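A, B and C are the chain letters, set down in written order, and residue numbers restart from 1 in every chain.
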């Protein structure tokens, strides 16, 4: 029973991690708290659904089309909304991202209606059993996707010039500019990666939880917990934090009470913010007096 | 009255940041009506010292006494109330408030009325507010800045901004005024004006503690100079004594040689 | 305030008192009542964001706490409106301290996330503490306000209209005094430069918590009125989306001045209702407005109005 919950927790954690990775990168590199990030998740699911329905594609091609479409939208959002806000106070950026979130969510509501829609894949009904544990193929795919994305992302960050430039920006964006890093390009790349990651999560999870315009709200809030826990801007922290929260949530649901299950993550968040806001792995930079 | 006539006493003060020693075993006693300048190469610990005295930092060891009472346990906001006011290295004006409003904030610890006076608009409030306005304008007038009174502080020329910051602190009726690099970024004309301002402040009976890099200013107005290097006091004395002190010369020349290489 | 502005305000208030006689529409009065509630909510949030420079993305929590306090007291203990009007802000205010004090060292992004989370936790409590709040079913059967010695029961919309009008005016008056003198200067100083505010002797922790507490209390008053107007409260009305709603009103209306909260609460409640044709796209327009305003007019509509006034005045000289 415990291990089943643990496995479910790993599935949940994979979802949170995929969303949180983009969120933490966008914060760490661009200093943006993007409350509209959940919309990338939602659109990932929505566009996958549309691709399969309208273009008649099977699941994985639909997912790729969707991820590409969302990445393009990510670039548009960055250019149109976040670049003009670069340098504004954190409040303004947060408010702007909230405005964007409302805009996108309700546009989706307007265009496609509020009714949850089914996204069918052949993997939903396929149940895999091993070591006394059960998992549907779709849920297993979530874990596989997360691991794959983590590997790809780590490779990008550590092995490519882009990754190096991103790390430079995360450390000191001004200094990075002086040594010739093009901030606009980095911003674009960060949003492409972040939004694609979230979209992939939405696509892979859509079949499990149904697709509807407000589906991004709760996952992105939980992902903020992950980001804070792991340290804003800290990629390994987001990975570890994602799985910690996913597992904690599932075990709490299974063993304590399903009623307050959403609260657990948020209580953890408040406690972390009060005690060590920089998270488990982050470090605090005090304002110079 | 204080036992030995010292307004501010710093005793064996030390502060480390991680492995870095910022201030080491520092001692200083400041009398009333003195103008004491603290000088030293960059990174010598001067601003750290200011931050320690104004309680923005807590020291690792040592004591700070104001009028013979220990202020070791004071929070930063409690310093102004007892009579220590300070300015900062970087301009910390309230940029979107007018000059007059900036000065009025200086009177925060000297306002007699309470919260209920504000809500109920009592006569005491009205009278006190009128006095606060008058006091602020008089102060501006005294230093020839009255024409700027309604300007938004952020719109002022840099030199005027620095002056307004000093006046804001002055408006809190301090016993000791700590100025952190007030002449930074000033041209010679502005620096000259600054010296006049400091002299005027001294004439009001206020003790001035100055951190400054501009040697013309330091040599002109200081009664006493304290020299810091690597967090330690390496010299203390009158202007002439310091100018002739070989260790001081070495400390500054040493820095110059590093800069050239 | 200039003499001319004072006269405008006076005329405006007089106009408001005569409004129910001029426009005899219950729907119109309902809109104004709802505007009144949102003006109060915007005013409180404005104090936190515009005056003191902090962040609060969970303001609906205080609104809900006020409403639920009134609802529970009314339905369980038969407590009358006037008593609840005192109790609701106290309860909300306590929670204001509960948010403001532990988060005192947070700012910007972190404070935003903390306040948002606080709002969610409170919402979850409304949803899940069934024995106290009846969960998603909500609380019904709240009694309308009564004036005991006159044996007067609040039945018609116009009664509620005058009630919220008076409450709003009182809050306005007190608010204006709050921000005009020493306390107001302390708030502004913290917003402008917290470190030098401390150096000027301002107890920043006290004032930051004070801002949160007062804002919460005003929201609590709004919540109490809401409960006794709608006669029904449920968790839906106080979700995260409602917090964003209040935030949008506050920002679009304008922060840092009282006019902004008036504009935000009034026009942004009334305007969409009268633009019925756009009802479907209303939220989309809302989101777009919020984004555009923060990008191009961060000081909101009132900032724009004051800008016009400044240009007009300087041309007169």
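Everything that follows uses one rule, which is that a contact is a pair of C-beta atoms (placed from the backbone, for glycine too) under 8 Å apart; a residue touches a chain by one contact, two chains touch by 3 or more.
All figures in this text were calculated on a predicted structure; none of them were measured in a lab.
Which chain is the middle one, judged by CA centres?
Closest to the centre of all protein C-alpha atoms: chain C.
Given the two chain pairs B-C and A-B, which is bridged by the higher number of C-beta pairs in contact?
B-C
Would you identify the chain whose Cα-based centre sits farthest away from the centre of chain A?
Farthest chain from chain A, going by C-alpha centroids: B.
Need the CA-centroid distance for the pair chain A / chain C, whole Å please.
33
Approximately how many whole Å separate the CA-defined centres of chain B and chain C?
Distance between chain centres, rounded to whole Å: 41 Å.
For chain A and chain B, let me know how many angstrom lie between their CA-based centres, rounded off.
Centre separation, chain A to chain B: 49 Å.
Among all residues of chain A, which ones touch two or more of the remaining chains?
289
By the touch rule stated above, which residues of chain B touch at least two different other chains?
56, 88, in rising order.
Scan chain C for residues touching two or more other chains and write them down.
Within chain C, the residues that touch at least two other chains are 195.
Contact residues on chain A for chain B in the complex?
So the residues of chain A touching chain B come out as 289.
Contact residues on chain C for chain B in the complex?
Within the complex, chain C contacts chain B at residues 174, 177-178, 180-183, 185-186, 188-189, 192-193, 195-204.
If we count contacts the way the header does, which residues on chain A are in touch with chain C in the complex?
27, 31, 33, 81, 84-85, 88-92, 94-96, 98-107, 109-110, 217, 221, 224-225, 228, 232, 259-260, 262-263, 266-267, 269-270, 273-274, 277, 287, 289
Taking the touch rule as given, give the residues of chain B at its contact with chain C in the complex, in rising order.
By the definition above, chain B touches chain C via 54, 56, 75-81, 85-88, 92-97, 101, 104-106, 108-109, 111, 113, 115, 118-121, 125, 129, 165, 168-169, 172.
Spell out the part of chain C that touches chain A in their complex, as residue ranges.
Where chain C meets chain A, its residues are 49, 55, 57, 102-103, 105-110, 112-114, 116-118, 120-121, 124-125, 128, 195, 240, 244, 247-248, 251, 280-281, 283-284, 286-295, 298.
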